Every structure is written in C-alpha cells, then in structure tokens.
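Per-chain numbering from 1; labels A, B, C and D assigned in written order.
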Amino acid sequence: MTARIGVVTFPGSLDDRDSQRAIRLAGAEPVALWHKDKDLKQVDAVVLPGGFSYGDYLRAGAISRFSPVMESVIEQAKAGLPVLGICNGFQILTEAHLLPGAMLGNDHLHFICRDQKLRVENAETSWTGDYRAGQEIHIPLKNMDGRYVADEYTLDKLEAEGRVVFRYLDFNPNGSLRDIAGITNEAGNVVGLMPHPEHAVEPLVGTGRTDGLPFFTSILKKLVNA
Amino acid sequence: MARVVVDVMLKPEILDPQGQAVQRALPRLGFEGISDVRQGKRFELEVDGPVDDAALARIRDLAESFLANTVIEDFTVRIDEVAEAAK
Amino acid sequence: MSRTPLDTVEHATATPDVELPWAELGLKKDEYERVVEILGRRPTGAELAMYSVMWSEHCSYKSSKVHLRQFGEKAPQSDALLVGIGENAGVVDVGQGYAVTFKVESHNHPSYVEPYQGAATGVGGIVRDIIAMGARPVAVVDPLRFGAADHPDTKRVLPGVVAGIGGYGNCLGLPNIGGEVVFDACYQGNPLVNAGAIGVMRHEDIHLAKASGAGNKVILYGARTGGDGIGGASILASETFDDAKPSKRPAVQVGDPFQEKLLIECTLEAFQEKLVVGIQDLGAAGLSCATSELASNGSGGMRVTLDDVPLRDSTLSPEEILMSESQERMCAVVEPDKVDRFLEICEKWDVIATVIGEVTDGDRLEIFWHGEKIVDVDPRTVAHEGPTYERPYARPDWQDALQADDAGKLPRPETGEELKDQVLKLVGSPNQASKSWITSQYDHLVQGNTVLAQPEDSGMIRVDEKTGLGVAIATDGNGRYAKLDPYTGAQLALAEAYRNVAATGAKPLAVSDCLNFGSPEDPAVMWQFAEAVRGLADGCQQLGTPVTGGNVSLYNQTGEAAIHPTPVVAVLGVIDDVARRTPVAFQEEGQLIYLLGDTREEFGGSAWSQVIHDHLGGLPPAVDLERERLLAEILISASRDGMIDSAHDLSDGGLVQAVVESALLGGKGARLVVPDGLDAFTFLFSESAGRAVVAVPRSEEVRFNDMCGARGLPVTRIGVVDGDALEVQGEFTLSLEELRKAHEETIPALLA
Amino acid sequence: MARVVVDVMLKPEILDPQGQAVQRALPRLGFEGISDVRQGKRFELEVDGPVDDAALARIRDLAESFLANTVIEDFTVRIDEVAEAAK
C-alpha cells in the first residue's frame, strides 16, 4: 500500500500538475482535489500548490482560504493531517491562520524567479524527514508576494520552538524577516514555504537539480511507516 | 444605494516598499517636503438599501475577516460623504 | 436617454441619404462606396462599425496582403505542416502523434500608451489564438525593442512592459522561455512588443475557426463585454455624430489573466469532451471579427441576438458591443445537444457563458437588437473581401549612401590593451549585456517541462514525459541589418533563429514571423517591407521551413521617422529526446573549443560598430543558407551522438560575445588562440553568419573532426575551456569576475 | 506636519478584476446586498509645513503625473481631516 496525497486545484492554481508529478516520482499516489468539494477523498496528506489562485487578487491566498475544501483542510490539519503549502499554498496557510504571520509583496516590488539556496533548519517535520538539519539545498523560487512578516514576539517564538524550517542563504530574495523561507506549526504536520520543491525533482527539467524530491519521499516514508 | 469606503493600510511598523519607492522618486520629480509616503488599498462598496448601524457593523466584520489581514493591516470603514452629498 | 431611432436594416433602406461618419471610422471614400455597393444600400451604423474595423489595416492586411502571398506561393514542400497560413495559428506535426501550434503577434502601440496593460493584453491575445486551435499553451516568448537604454522614457516603458508580460504570463502559468531585448533610438516612441506562444495537442484535437451545421449554437464565454478599445465606434452611438463621447470609451484594455487562465482550462475541458464544432478567440475587432470569421469560414450563415451578450456597461450601444475589444472572451460553435454540457463546464470554472446565436442554413450574417435586424451582410465580404492595396514602393534614395558608408573603414583597435577595452565595452553595452534583470521577472519553470530557457540559444519544452520528445523555439531579428539591406536582413533573422534552434540540438521545422515596419504610405517603407517579405519567403523556401502564420505591424513611426525595418522571425524545432539537448554553458575544463564556419571581415551593422563608433552603414553580413543548413545538421548530429557538450551560435557581438557568455554561464574560463589567417580583431568581433562555437570532450575530438571534414564544414580549433579568465593568447586576459561585472551590472544600473 | 490623502481609483469604465474577484467572493462569505466593489489605491503623504493651496496644487501635479496613471485611473487629493482633527 502506498500513500495517497491530495493536491488541491483552486481556480488559478498553476503548479498543481507539477506537484502531482513530484508525488508520483516519489512513489506515492497523487489525488486531485477540487476547491469546491469539501471531500478530501480520504487522502493521507494534502499539498496546496503554487500559482495565482483567484489571480492573487485582494491578497495572495485571501480568497482561496474561504473555499469549501479549505474548511476540511483546516479542520483536519488541526487534527494532524500533514499539509504542505508551496508558495501560493503557503500564502493560503497564513491567511487561514494555520501558520502564523503573513506574506507581503517582495521588497523590490518585482516578480522574481531564481534558483535559491536554502538551509534546512528543521528536519523533524512531516515533510522534511529525509533532509538533515543544517543541510544546504537549492530549490527554485518564483513569486511576487514572498515577503514573510510577523511581529517580533511571533518570530522569537518560531525561532525558539524550532519552527523556522527553511532559511534563505546568501541572498534574501524578497525581504522576508530573519531570512525565513518556510515555517511549520507547533505539531510539525503543517509546513509552508515559498520556494518550489516540486520544480526540483528531475535532472532534465527546471534547474536540473533534484533537491526538492526529499519533501515527497519524506512524507511518503512517514505515512507508510505510520 | 449608498457607498461605503473601506481603507486598508499596512500597520505602521510594517515595511511598505511601495510607499518608499514613491517617496524615493519624489526628489527626482522635483518634489521636496514630503517626509513619508504610505500606500494602501481603498475599497468602494456599493450597498443596496440603507446603510444603518447594523449594515456598517456587518461591513466592519467583512473588513476585519476578509478585506484586511489584521496581522499586518489596519482598516477604517465609513460612509462616503461625497457620494452621499452628490445625491 | 434620447437617441436617434435604432438604425435598423429597414431604416437604412428607407433613409438612403443619411450620411454616416465613415471617415471618422477610418474608411476611405472608395472603401465606403464599396460597402454600399456590396449591400446595395447604405450600411446601418452596426454594419458600418463591422466593415470599418474588419477592413482596417490591422485586420485586413490591406497593404501587406499582396506581398504576404509569397509565403504561400514559395512554401517549401513540408510533411510537417498540418495547418497553414489563414487560421488563428499554423499547426506543425512534431511526431509521435503530437502537433504543435505557434505564432507571434505585436502589441506595439498599446504598449507605448500603457506599457503594463498593453504588454499584458498582448500576451493574452496570442495565448487565445493558441487555445483557439485546440492546443494547450505550453510556453511564451517575448521579442522586445525599446528606445535608447539611457533615454528617460525607456525607464517608463521597459519596466512596465516587462512587468505586464510577467504579470500576465506568470499568472497564466505559462513559462517564458525566450525572447529578445534590443535598444535603439529608432524605437523611441515606437517600442516593439511582440509576443509569441506555443501550444501542444494531439493530431485529432486540431480545431478550426468555422461555424458549420445549421442549428448549432454560438456561445460567447469569458469576460463580460465593456467599452474597451472601441474608439471610433462611440461616434455611431452618439446622439449626433459630432457629439462623440470618447472620454467614456477607453482605448486601453485592462487584462485579467486570472479570467484567461479559467478560459484556458474550461476550453480545454470542452475540447476533451469533444463538445466544440468550431471556435474563435475574440481579439482585435471583437465580436465583429469572431462572428464574421466563424460564419464566413463555415458552410452556412449565422444569426446573433446582441441583447444576449453579457455586458459590463449597460449603456453600450449595439455598434459598440460589436466593436468592443474587451479581453478574455471566446466564441464557440456547439451542437444543440451538447450545449448544456458546455455550459456546465463553464459553470464549473466560474466562467460566464451565453448562447448568443445559431448557425443558419442561409449564407447571411444577421444580427438583431431589441428584436430588430441591424446587420444583414454576407460575412465573407466583411471578413475576407476587404480592400487590397498595391501600395507604391521604391528603394529609398538614401540607401546607396548608407551602404557605401562601409563599417570596414572605421578605426580598429591596435593593441591588446585596446582590444581588451573594447571587449569589456561590448559585453557591457545594453544590447549585449545580460538581460537577467528582465528575465528573472518571468517564471520559466511552471508546468515542469522546461528543458531550456533564456539565456539559452533556444527555449525548449518537453512534450512527452515518457519518450522525451521536445520542441524548441527561438526568435530573432536585427533591425540594423535590415535597415542596411531589408532582403538580407530578413534572411539573417531567419538564419539566426534557425541556427539557434539547431544549436540546442533541435531540428528546425517551421517559421512564424512578426513584421514590424513604418508607414506603408511611405514608398521607402513599403520597399523595405516588400524586400523583407521576399527575403523571408525565399529563405524559407531554401531552408525547407514553411511560414505557418504571423502578424504585420505597420505605422510604427513618429512623424516622418520610421523605425528600422524589423522583421522578427520565430523558428520552431523538434528534438526526439530532450536528454540530448545542448546548453550554452561550458561544462568541463579541458574541453576543446571549436569554431564552425568561415569568418570574414564583416562589420556592417555590427554591435562593434554601434558600441564603439555609434555607426550604422555598409552591408550586413552575407547570407549563405546552404551553409546554415549544413551547420545545423552538424550541430544536431553532434548533439544526438554526444560529440559536443556545449554550443553557442555566433551573432551580434561576434565570437567574443559568444565565448564570454558560455564562460560566464558555465563559470569556466577559456584560453583562445587567434587562428592562422585571421587578425585578432576580426576573429573576435566579426559578425559573419553561419557560425557557432562548440566545446568538444577530448575523447570525441577525432570523431567530431572527421564528421565535419566528411560533410565539408570548415572547423577550426580555437582554444580550450580552462581557468577563470578569458585569455586571448598574445593579446589580453580578462578575469571572469571583470567580465561578469561588465556583463551583469549594466541593465540593473540603467533600470532598477 | 499634515497628512494629505490621494485616492486613486480605476476609471468607472475600466475593468477592475480585483474588485470583481472580491465581489464574487462575498456571497460565499455570507455577505449579501453589495452590488459592486471597486478596489483602488490610497496614498498617505506626510507633508512638512503647512498644506496651503500651493502645496495642494503641487500634490495634485504629483498625483496626475506619478501616483495615478490617468490613462486608466482617476484620483482625488484632500487633506486628511481625521488626522488634522486628532492633533
């Protein structure tokens, strides 16, 4: 038996097919979920993919957060369902308050697409078990609203609790506070990050690296061993 | 029909690069004497029916839960006097 | 609101003497008379709106048609061509049951007026052409031209255009995999914003823009119709014709990429369920164009109820509705029993869809408003029988003097120091500098099939995950060359795009183009246009790559001053397995650098003459298309057989530019030796066509040389990949760091 | 120091995809009775010295040439009464 991992398609989701491909390449079974359905089809984990759901109008993630599927995702995430939010998915998770803080426009005011160096700060979450803490990886990043902000208290708390999962190295591409690229919730089942691991799973396409594959093998192992 | 305006601004402690970009450009355009610029959003809502206190309260809820993200933004809600007066 | 009575067909027949504002709508007197002759009466306001917009230069190609015919007449035999010129976009067979459609279009003028929205809606328009063929769009490209890099207006136009292309394309989920950015004072006031798109489908999914089958329903879906871009039509809507309300009718269209993304998904879902008989996107001329083209390409007529068009602005008149260029709309022809399912799919994607009419068994296009008939025309006369002009053309009197002003006479660098200096200036000049400040604002990764993207020689997209089948595209154009000699310039653009595709290992298959010129009413410009078309048609014939479609943009001029003639050529190629692609970057130290092709003293129109001497004169490099074909074959074979690890075509900036790019991208230096028979200056800066540099692993050297020798391609070993500097032996050394600084800091310094 | 507010809204006839997206989301959030939503920008400028007619005229120029894109946007300039009153 392999794990079934749902990928939600919102109107305007773009990297949903890519996430499904990454899940398949890792050996799990991708399951398409639709934003208008509350039914999560009994998946073992959920990926909220990148893109511009609802055009990023109002604020990135602000409209999607109120979709029927998110009612179920919010409820089940609180009960321990592993959820990964990539880019727009991360934005939705902060808007849904499953993760603290908020995402704002890049400080340089441009969309940015680059191969980004990151440090894995926490290899204990549901999605990062196949990394080593301190490991340096390259994952592509592409966004308009990637600036992570939270108040000092929240930031200190995140740091103290080891909930900063990824940090930008060498170059902060968007003005994120404390170079934060990704965080997790207290339980470690919900992870959000701006860079796109699903675009670093095959040597032939994208940036030609596979540093993103461990996200998907991590969750697979965790689910199969559970 | 009445118009309600919701203004949403970043909280003062949050960096506002758009406002800064405008401010930085001012000297180049020959503008002196503006010490700070902040850029926010303005929503104009056309409300069917009278805008009584109950309606305003509902719009305040809407602003709080949806139009603004209160983690980073403040908002104000008011009836658009100009649009009212023009009636 | 008081208005003149509705100008129905009946009313028009009864009031033959009413004067219509045909001149304000851009029609010439004889064109108007022709409309009257066709109809046998005066047109209604709505009919006039349709004819005027469909007979405009933009929609009817009235000045260019007589020349464009050559693309058909001279088209080479090609088994690859599934759909040729005349449809929304051409379709090419790329094997394994896949077909690819691609096209380039211009959005020049709107992008000058409102850079962000103009460029954004340019991307939106070309993408709708691709979906209208039945294909899933898989990539976009954006050939751009701006005024001088340091001109203040460039700082307004360029960032807006780039943000608009990125804002729209990124939001749509289309990787941007190539394009061009060229600065030249001649584009001041006339930036060129060309946008191209590629789509992929299975052969059986090709869809055409035609309405057939009486009783089939015409469905308009997508955005509501507003008063966008209807300019002159508002005159028809006004109470008296001189009481126009232009201020209420924006000439600028605002794009909604989110809506377009939904349009893509719901259109493809409808295709998949085989619900669509015919389809057309709404672009220039909006509903006028879509209804008349669908009807005239089909077998019957069409009846449309304009009241059923969903509006954003309820005050629009029927004439305005017909002319509106509101974005993100499509028109589909659907069999009656499939309408419900079609509407369901639209509903699923939150796309507004409305039946606005049906196909009839007559041969008229009839449009109704408030129950009255306001249009009754033969759709062919609107869509296909517009005026054709044989505009006079003549070689300009300044052409001889320009060509006589030989760049070969310009002072050349005399010492190694001077050479080094000029190399730094060249690679740091705005046209030769790295464009990554621009291209990093584009998502080139989305969809997960991008094998190569800018700054590679061509963009490459994987089409089939299992077999590795892929397609490549490159766009090129050099207005400086074309100004010196438009015939040769057009062929050089073709040759360069062809070479770029081959350099990445793909086999060139077909061509699209965007022909950007000044006013056709100027015989000198018309001559440039005629020469360029002739050059391109001849070139495509010789290379065996048919032109599948394209676009013409005229009137790119400010007052008397026209832009350089700028034919932009896109070449599409196919590669059996993307694993065999060849990148630009040097891969490994110790590999041998070879120069393929012949180097002559050719500096006319060169980057060197522009950067060092601000000079444009003489003749452009000579073209030898047989040589280009041979070079391409060698590059493709070498890639397929693993004989080369990197390749880079030589074009503007010459050899040194190419080697610097391969070195910087790979983070590996090069030691070069000036070959016998060449001086260092010519070796480094000449822009002779038909050349490329490749890096060959030592183990492949003999095999590679043998292959080139056997096929008769001149090949010269010029150095080795090595170290962290560019060294030209006996002349100078430049560290990669210095080169990188020069190459990468220019554009941010100008624009950031 | 005084605050001048510049409101920039898309012209009424121009498509406002953002406002539309917000409006379409409202029923899902349980909000009825709002027939139209437009979204624009609000700039808050902190002006050194008194905001007299000359200063306002200059800010109007600034709005026209820089803060608004008058091809597609309208703007209004006014002294922020609330900020004034709070002094």
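Going forward, a contact is a pair of C-beta atoms (placed from the backbone, for glycine too) under 8 Å apart; a residue touches a chain by one contact, two chains touch by 3 or more.
Fair warning: this is a prediction, and the values are worked out from it, not measured in the lab.
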Check your understanding: Pick the pair with more C-beta contacts: A-B or A-D?
Key -> A-B
Exercise for review: Round to the nearest whole Å and give the separation of the Cα centres of chain A and chain B.
Suggested key: 31
Review point. When the centre of a chain is set as the mean of its C-alpha atoms, what distance in Å lies between chain A and chain C?
Key: 36
Exercise for review: For chain B and chain D, let me know how many angstrom lie between their CA-based centres, rounded off.
Suggested key: 7
Study note, to complete from the structure: Listed in rising order, chain D residues that touch 2 or more other chains are 17, 21-22, 25, 29, 39
Review point. Which residues belonging to chain A are in contact with no fewer than two other chains?
Key: 54-55, 57-58, 66
Review point. Which residues belonging to chain C are in contact with no fewer than two other chains?
Key: 256, 258-259, 350
Review point. Considering only which chains touch which, how would you classify the arrangement: line, ring, star, complete or other?
Key: other
Review point. In their complex, what parts of chain D are in touch with chain B?
Key: 1, 7-9, 19, 22, 25-26, 29, 31, 33-49, 55, 58, 62, 65-67
Study note, to complete from the structure: Within the complex, chain C is touched by chain A residues 11-12, 14-15, 17-18, 21, 50-52, 54-57, 110-114, 140, 142, 144, 196, 198-199, 202, 204-207
Review point. Inside the complex, what are the residues of chain D that reach chain C?
Key: 10-11, 13-17, 20-21, 24, 69, 71-72
Exercise for review: Would you mind writing out the residues of chain D in touch with chain A in their complex?
Suggested key: 17-18, 21-22, 25, 28-29, 39
Review point. Contact residues on chain A for chain B in the complex?
Key: 58-59, 62, 66, 94-95, 100-102, 104-109, 149-151, 175
